[in-house]
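The structure appears right after this line, and notes come after that.
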Amino acid sequence: MQPLNLHDFEARARELLDPGVLAYVEGGALDEITLRENAAAFQRRRLRPRVLAGAGDVDPSTTLLGAPVSMPIGIAPTARQGLAHAGAELAMARAAAEAGVVFTASTMSTMPLETIAGGGGLRWFQLYVFEDKALTRSLIERATAAGYRALVLTVDTPVSSKRERDLRLGVQAVEGVCGNFDPAEPAAVAAASITSNFDPNMTWDIVGWLRSLSPLPVVLKGIVTAEDARRAVEHGVDAIWVSNHGGRQLDRTVAAIDALEEVATAAGGRAEVYVDGGVRRGLDAIVALALGARAVFIGRPAYYALACNGQAGVHDALEILRAELINAMALAGAPSLRDLDPSFVR
Amino acid sequence: MQPLNLHDFEARARELLDPGVLAYVEGGALDEITLRENAAAFQRRRLRPRVLAGAGDVDPSTTLLGAPVSMPIGIAPTARQGLAHAGAELAMARAAAEAGVVFTASTMSTMPLETIAGGGGLRWFQLYVFEDKALTRSLIERATAAGYRALVLTVDTPVSSKRERDLRLGVQAVEGVCGNFDPAEPAAVAAASITSNFDPNMTWDIVGWLRSLSPLPVVLKGIVTAEDARRAVEHGVDAIWVSNHGGRQLDRTVAAIDALEEVATAAGGRAEVYVDGGVRRGLDAIVALALGARAVFIGRPAYYALACNGQAGVHDALEILRAELINAMALAGAPSLRDLDPSFVR
Amino acid sequence: MQPLNLHDFEARARELLDPGVLAYVEGGALDEITLRENAAAFQRRRLRPRVLAGAGDVDPSTTLLGAPVSMPIGIAPTARQGLAHAGAELAMARAAAEAGVVFTASTMSTMPLETIAGGGGLRWFQLYVFEDKALTRSLIERATAAGYRALVLTVDTPVSSKRERDLRLGVQAVEGVCGNFDPAEPAAVAAASITSNFDPNMTWDIVGWLRSLSPLPVVLKGIVTAEDARRAVEHGVDAIWVSNHGGRQLDRTVAAIDALEEVATAAGGRAEVYVDGGVRRGLDAIVALALGARAVFIGRPAYYALACNGQAGVHDALEILRAELINAMALAGAPSLRDLDPSFVR
Amino acid sequence: MQPLNLHDFEARARELLDPGVLAYVEGGALDEITLRENAAAFQRRRLRPRVLAGAGDVDPSTTLLGAPVSMPIGIAPTARQGLAHAGAELAMARAAAEAGVVFTASTMSTMPLETIAGGGGLRWFQLYVFEDKALTRSLIERATAAGYRALVLTVDTPVSSKRERDLRLGVQAVEGVCGNFDPAEPAAVAAASITSNFDPNMTWDIVGWLRSLSPLPVVLKGIVTAEDARRAVEHGVDAIWVSNHGGRQLDRTVAAIDALEEVATAAGGRAEVYVDGGVRRGLDAIVALALGARAVFIGRPAYYALACNGQAGVHDALEILRAELINAMALAGAPSLRDLDPSFVR
């Protein structure tokens, strides 16, 4: 049957994916409290819709870092999409381009970033910083050259976490060559092993270093506090991406939507604010947008849709979300994104 | 066995109704969070009864828009009652008249509004505004001519919502000709299809337009915020009907009883305030009345009672509610509705 | 096996009692929300024990209305104890006397109040006021003459409630002649039918009327608000008994322990304050005592213990509670009841 | 399979332990509300991690009462470890010494305290004060002589509690000679019976008495309120150990982590503050450390690990906790314990 919502894709993907891959994708750190809380915290929020708002012509389009998108819902980076579907990141990027939304390629993609760029559309590059700075610089330069429009620096992964589902099944199930590294180069091969070669000592100086290497806007992904949001603004980042890595890093971290409010307030409009973690419905999007997010991102749901039906699956998932968001904006009496503010949420 | 409460009617109706009709009636939008919350929010409220109040002679009678009713519990509009029972809206109206309570006929009734008027008693007409204004005007004029005493404009349905139970079963199960439209006229036939021809661009100007067409009092149904309550009062509406459409429109909308308080406060006595959504017990009624409602309305419960036993079923359901309300007023030490205030609820 | 706690008595009594009697005893009004909340609200409270308090010699004795009791836990009135055990109220009264606690005889006792008086010990008489004032006066005079030491006027039952368990099983199962009424007198027989002849129009004047008929202290049972507590004090009552009738009258009434705080504060020491509803452990008692109660009362638990083993069962239940209370006082660092105050509860 | 976390040890130990021993170890007092709440309250806390903190080199080492430890997680006293494993306390002490953490020997140990001292490492002695003061003095003198570095006086056990699991199974299952008492001496044998000879009348004077007998630092274990924390500081104790005895004494006592905040605030740095009760993850430790604890202690988890695999099991459990704590500090952006403060917890 045709999926009606993103839960349907997830249920189908659970049947299709290899158990090891499934554990890797759907699991989180330790007790998976934050994993569950991300979705639950969205569902606890209540909406305060307005009536007679002339909401017949809903327009969910906006711009992200100056680039137009058809809606404020994008694709978050997830590693090794080739494990979900042979089309991998290229299929995902094409679906995003077709839908007019931003696609964020992961450093840990199955395909090289240059291949993914063939998918067209608005693309950002998610960057992990390795202890090997030359390797890192190379990634930045390649992404800049390949037409990516922003560097999304993940800051919540100085070290890897303990993901017990993976450990019980054997983590090797999800390993595989990452397309961005040349298997002929030892350093690159080492880097490709999960997180163990990330630089755990990164500080705020990293922002200046990125600026010195690329003209691209810098997005910090993984901030969940007002304190860090203020520091990010002081360091001149272009955008703050509220995220707890989908509950995959520090378990018991505050739920993404609960962190959004203080981050958006602290940012005070001086940087764009995004959020991921638990978005499964257009309703989740409208809650986040009302509370100060300029865009929301989906990670696992896009991965599941890719697993179900490749590019077409991702396309369908995005159109379901678009329809849900437009419906929610009409029913909430907010025909444009500018109409939304925290008073729409209780 | 004779039903003891409204839950009994619901349980029995679940056995009797066609699965498609049942899905249509009992379902809500998307994840059905608001659907469940409507009832749960009532059950979370606690009462603070007073003793030695001389509560032997309880009088639950009141007036609604100047017309006397035997109790502040009325029938909310629900579509296509013919799917529940052959007696349809006429049976429901007769039961309401017999009980001395207000009956609200839906634009989407199985029977023409003129036929329903044959049921006698105090009747209001629930109005959907179509893009075809001539069609809409005709409905208003017919309702006015047929002795309906108020126009209840539904304002929470600028567009239809996604109701996944219906989609999974096939929505056609609940379609059928609506008695208010002439199947010989193409525009009317189109209008009769669910919500797709409602005017999504209605604004507050609609209130003036209604005033220009009919001398009837205007009730806005579907308001859940203080902001909209203030605007409604500014536009001179006669009553505000707090509702989230039984959880069938914007999912995650605040529960009806939780919205009531801010609406009643904002209305400040300048318009009557009603509420529907989750009323299953006389206790729900007393909570709402204490928090500022002048009346509460039941939708699904009346539909289920109709399905169980036609006019007699609805009559029995209303008498059960009446007995529960009178009992609650006596036990709470509030022999008249004027005695109730927010201090009775914690 | 020897019962370890009051739950054990309840479990055993469920096996022993006739289904109709069990439904009558364990059931509550309507959805039984208050019934469940009474116990749950106690369990939500947290204790803040103090250490090194020299708590080796715990003394739980106190006085109630000037009369000494061995502990601040008494027997609440429950009707028709003969349905639980042939020993009925006399067995219950003897157990209470043996334990040195107060026993409250119900107007609706199986045995005449004079027979119950043979049990010795400190006895109070629970009074329902009938529309037949001569009948009521007779009860008062008989109780006074028979050595009862207080009149406990139930004020939460101006009318009966809807108890659906009883209705489903047929309420006649629990009827039976009440020993306080002469079956040869028609008025008395009528009065003996459940609650239907209670005076629903009682007001605060009843306090003065009781005073005019008897020198006994007056206790009002069934108050749950500060407003009524203040009025009770103004009318000079000797004690206020916080109760929602064990969840058997107005469903959704605030839980007994949650009502206690505002009542105790409002009473301000000008009347003794008691509470029943949900007491199952010595821990419940210590919570209530810390929050301002001078005594707590058990209803159903004593009934279950009587059903299990007559006088000996009630005795055992009381000794279990005594041991739990003494243990709790020692572990909380409050060797006398005077040491307890609201700071012991969070 | 190799245990991944402390839950795995517990699950395995449940299979290995004698039912009576298991009931004794895992059970709590009465309804076991505090037992469950200890763990649940930790899991309700949310973390607010900081990014780009240069957290590559995490150092969890600290000092406790001036003595260095490799991490702020120690072993709480538990009785009769010989019932878990033949290695008993000596195995546990050796594992603690190997891991560089503090081990607290119980007065009720299976082995004599002198034998346990053979395990090396930093050892504290948990003291119960008996009515027989000579016996108590002897224990203090022996512990001082045997190189224990602190006296941990348990203050939450003036009397024993009712543990219904034990009573249902028969408490004798967990009895056995305690190694600290000479079975040839009647007083000692009596003392060795569980708690019944503890001094229930201890007051704050006990602190001075301990000082007069030993130069060792004094730790009071079992404080859960700000009031007692202030008194402890006034009496010059060296450390306050927040504990509700693992839910084994006064049921419904506030959860350990919830008590920690007020105690830490009241102590104001004038005494070290520790906490036990519900610690199962490095995440629990970081929450407690952020809220003011200088160290956390594990009781049951160490017992279970001992049951599973003796010294090696305890060692593995400690290393799992160490890895989890280090991981949490890195991911929270707090490379040293000094970086943690209450703003890390929400």
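As written, the chains take the letters A, B, C and D, and residue 1 is the first residue of each chain.
Assume a contact is a pair of C-beta atoms (placed from the backbone, for glycine too) under 8 Å apart; a residue touches a chain by one contact, two chains touch by 3 or more.
Just so it is clear, the model here is predicted, and its values are computed rather than measured.
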Inset, instruction - Could you work out how many touching-chain steps separate chain B from chain D at minimum? - result: 2
Inset, instruction - Sort the other chains by how far their Cα centres are from that of chain A and give me the top one. - result: C
Legend entry - Inter-chain centre distance, chain A versus chain C - centres from mean C-alpha coordinates, in Å: 60
Inset, instruction - Calculate how many whole Å lie between the centre of chain A and the centre of chain B, each centre taken as the average of the chain's C-alpha atoms. - result: 43
Legend entry - Overall pattern in which the protein chains touch one another (line/ring/star/complete/other): ring
Legend entry - Touching chain combinations (by label order): A-B, A-D, B-C, C-D
Inset, instruction - Using the touch rule from the top, collect the residues of chain A that touch chain B in their complex. - result: 1, 4-5, 43, 45-57, 281, 283, 287, 323-324, 327-328, 330-333, 343, 346
Legend entry - Residue numbers on chain D that touch chain C, as the complex places them: 30-31, 33, 37, 155-156, 158-159, 161-162, 164, 167-168, 199-204, 206, 220, 222-225, 227-228, 231, 249-255, 258-259
